[in-house]
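Read through the structures below before going on.
Shared chain: subunit A. Partners: subunit B in the first complex, subunit C in the second.
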Partner chain A sequence: MAVGNLEFIKSASGTSITSLSVTDCFSASYDVYAIKLDADGYNANSLLTLQLIDNTDTTISTTSYDNANLLLRTDTTYNELRTTGDTVLFSRVIGFFDYNNGAREGGSGIIYIFNPYTADYTFATCQSSSQFKTGQMTGQKGIGVLKTTDVITGFHITQDAYTATYSDINASVFGVK
Partner chain B sequence: MVDKSNEYGYVPSSPTQAEGSNTGIFEVNDVTDLLLAGQWTLEDLGKLELIETQTVSGTVSEVDFTSIQESTYNVHLLMLSNMLTENNDKRTTLRFFESGVIETGSVYQFGNQVGTAGGTFTEVKSTASSDIRITDNTGNDTGESSNTYVYLYNLGDSAKYSFTTSHSTGTNGTPTYFMEFGSGVLPQASTVDGIRVLVNGGFNLTGGTLSLYGIAES
Partner chain C sequence: MATGSLIKIDEEIVTSAVASVTLTGIDSTYDVYMVKFENVTPVTDNKDLTLQLTTSGTPDTSSNYDYAHKILRTDTTFDNTGVTNTDKFTLVSGVGNATGENANGVIYCFNFDNASEYSFVTYEMSAFNADLTTVIGSTGGGTLTVAQATDGLYFFNESSDNFASGSTFTLYGLKK
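Moving on, here comes the complex of A and B:
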C-alpha cells in the first residue's frame, strides 16, 4: 500500500445529536488540516454551521468571521452567501436540509483548515454535496476566515436557528503533510 | 520514560526533550513506554492510500475502476490528469457500478459552475442526467486537456446516497481556459463498487492518467 501525505488524527461522531464538538485536533504538528464531514437522519428542517474552538476550549462565536459561499442548487438559480463580521466560519457547511420536502438523505463534504494553530488568521475552504429535498441536490463551495489571532485547536458543528436532531453526524480530521 | 543508565555506552547522555523538538535516540525501553502510553504507533500513518492508477493508451470509450475497496474507504479521491478526448469540445464524466452493474439511467444529479478566462460564469445542472459532469468541454488540439480531482463519499454504504464534489481546470476548443467545480449525487441508497470514467455522448478518450485513492479513517 502506498503511503500518502494525509495522516489520520481523530474522528468524532454522534447519534441523536444536535451539534458536535471536536477538540484537540489541531496542533503544531501540521499547518493544514482536512476534515471529512457527514450528516444524515435529521428530524426537522436544518442547516449546519461551523465555528472554531480556541486553546481554552471556548467556541468562538464573536463577529470575527468573514465568508463567501456559493450554493449550487438544482432547483433554482445558485445562491451567493457572503458575510463580513459573521459569527460562524461557514453558515452552510453541508448545504441545507428541507425536511418537510425531504428525501432526508443528508450530505457529505471536505473542509480544509489552514494555519489554525498559529497566532495568524485561520483560513478555510469548504466543498460539499447534499440531497436537500426529494429530487433536488445542492452543492456548496466556499471560503471562510477567522480574523483573530486565537490559537485554534478544534471546531464545533452546530445549527443556526434550527434545532433538528441528527441520527448521524461524523467528522474525521486529517493532517496534511 | 525509563531512566537511561547508559550502561552499554551507546547513548552518551539523555537529551532534554521538548514538545515539537524531539532530539536524541529512542531506545527500546522508550518505545515500549511510549506504546503503553499510547504515544507511539506501529500503524502506517499515511492515510491517502493509492488503490490504482490507470493510463489511457490508444482510443478507449471508458476507463473502469472495479476494485475500489468500497468497504474499506468511506471517502475516495479520484485524480484525472491530462485527460484527452478524441473529438473536439467533449467532456469526461462519471458513472457508478452498483453491485457490479453499471448505472446508465438518467438518475444522476449535479450542480456545477463553469468559469472561463474569457469572462463568462455559467450554471450547469441536472436532476436527470445519465452521468455526473465533472469538467467542461475540452479541446483536442495540441496541449489542450482537462485536469480534475473528485472526492467521492459513501460509495460502499448501502444505506446512503453516493455524493461527489469536484474541481477541474482545462482548455476548451475555442480555445479558452476554463475551470469547473461542483457537486453530484447518485440518489440511490446502494453499494457502489465501481467507477467508470467516460466521455459524455459516447465519444472516446485518447489520453490521460487516472489515479484512485482511498482515505483511511483509522
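Moving on, here comes the complex of A and C:
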C-alpha cells in the first residue's frame, strides 16, 4: 500500500488571539513545507503578516525579507506590492480585512516554504482568498525570500500596525516528502 | 497505517551538472500530478528555466505551447506574459547562480494521460535573479495544444546550460 508523501507535522490554533506562533515544525526531515492557514472573526481592520522563527525560537523581524505580492480584488484594480528589506516575509498573507464594511468572514491560504532548515536563503510562495468586506473578495499571489542563512524552525503570524483580535486562527503544517 | 493522497512517483536530484532533467511516470493512475522543484540553479548565471512535456519519454519540441503568467518582482512593475505557438514553457527568467540564487516552485499537471485532450499546467514559483537584488517569480498556466497523451516533464535551461548539483525535481500523483 502506497504511503502518502504529504505528511502532517503539526497544527496550532487559538481563539480570541492577535497572533499565533508555530514552533519546531521545520526540520531536516523535509525540504519543502505546505502551510494551511485560516483566520476568521476579526474585531477591527487588520492585515495578517508572516515572519519566520529561527532555531533559537527567535522571531526574525530584521529587515531581511524581500517580497512581491499581487493583490487580486473584485472591487477595483489589482494592487502590486513589492518591498525589499521588509521585516516580514509576507505583509498580507491572507489579503486584508476591512472591519467597518465587512461581513467578517475571514480567509484562508496556502504557503509553501522551501529549504527553511538549511543555512541558505529561505524562499516561499503564498496564495490566499478572503472576503475582505461585504460582497467583495480578494485573493493574493505572493513570493518572498528571507535573505539570511538562519536555520528556520517555525513561523509567526502577526499583524502589521493593527491589533485586531481574531475569534480563531488555525495553522496546519505539512511536509512534502 | 494512515495512507496519504500525495504519492511520490519520481525524483531527480542533480549530483553533477546535467543539461536536462526528465520526470517520468505520468499515466492513468492519477488524474492530477504535482511537481515540486527546489534549489534549482543554473551553472551559468542568468538563465531562463524552461519546460517541455514528453510523449513516450521524448520531449515534444513542437511549437504548440501557449502560456500566460504574471511576473511578480521586487524591483519594478509586475509584468504580464502571454505567448502562443512557442516550443516550450518559460517558467521564470534570469535565474542566478551565486550563493542564495536559485528557483523553487510547484507545478500542477492536468489531463496529461488523456489522448483526446490538451495537457494543462499551472505553476507558481519564487527565485532570485542573477543580480541577487531581485526576487522574481511567476504565477500562471500553460497548455500544450495537441490532443495527445503526455507522460512526463523535461526541464532544461536557456542556451543548453546545465543544472548545478543540488537542483531537485520531484513528481507526485494526487490520489483519486
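The rule we apply is simple: the second predicted complex is superposed on the first by the 174 of 177 C-alpha atoms of A that agree within 3 Å, B and C clash if a C-alpha of one lies under 4 Å from a C-alpha of the other, contacts with A are read in each partner's own complex, and residues count from 1 in each chain.
Basically, a contact is a pair of C-beta atoms (placed from the backbone, for glycine too) under 8 Å apart; a residue touches a chain by one contact, two chains touch by 3 or more.
The structure presented is a predicted model; accordingly, all values stated were derived computationally and were not measured.
When both complexes are overlaid on subunit A, subunit B and subunit C end up clashing with each other.
In the superposition on chain A, A:T62 makes contact with neither subunit B nor subunit C.
Once the two complexes are laid over each other on the shared chain, residue contacts for A:Q127 go to subunit B and to subunit C alike.
Legend: residue contacts after superposition of the two complexes on their common chain; A:T15 is shown touching neither subunit B nor subunit C.
Of the two partner chains placed by superposition, subunit B and subunit C are both touched by A:E7.
In the superposed pair of complexes, A:R73 makes contact with subunit B only, with no contact to subunit C.
After overlaying the two complexes on the shared chain, residue contacts for A:S172 are found with subunit B alone; subunit C is out of touch. After overlaying the two complexes on the shared chain, residue contacts for A:M137 are found with subunit B alone; subunit C is out of touch. In the superposition on chain A, A:S108 makes contact with subunit B only, not with subunit C.
It is stretch 41-49 of subunit B, out of 41-49, 59-67, 95-103 or 185-193, that runs into subunit C when the two complexes are superposed. Subunit A residues 1-7, 70, 127, 141 lie at the interface with subunit B in one structure and with subunit C in the other.
The touching residues of subunit B, counted against subunit A in their complex, run 19-20, 44-50, 74-75, 109-113, 123, 125-127, 151, 153-154, 160-161, 163-165, 167, 181-185, 187, 189, 213, 215-218. Within the complex formed with subunit B, the subunit A residues making contact are 1-8, 11, 28-29, 36, 38, 40, 70, 72-75, 77-78, 103, 105-110, 127-131, 135-141, 172, 174. Within the complex formed with subunit C, the subunit A residues making contact are 1-7, 31-32, 66-70, 80, 82-84, 112, 114-115, 120-121, 123-125, 127, 141-145, 147, 176-177.
Every residue of subunit C that touches subunit A in the complex is listed here, in rising order: 1, 3-8, 36, 38-39, 70, 72-75, 77-78, 99-100, 102, 104-106, 124-128, 133, 135-137, 139, 168, 170, 172, 175.
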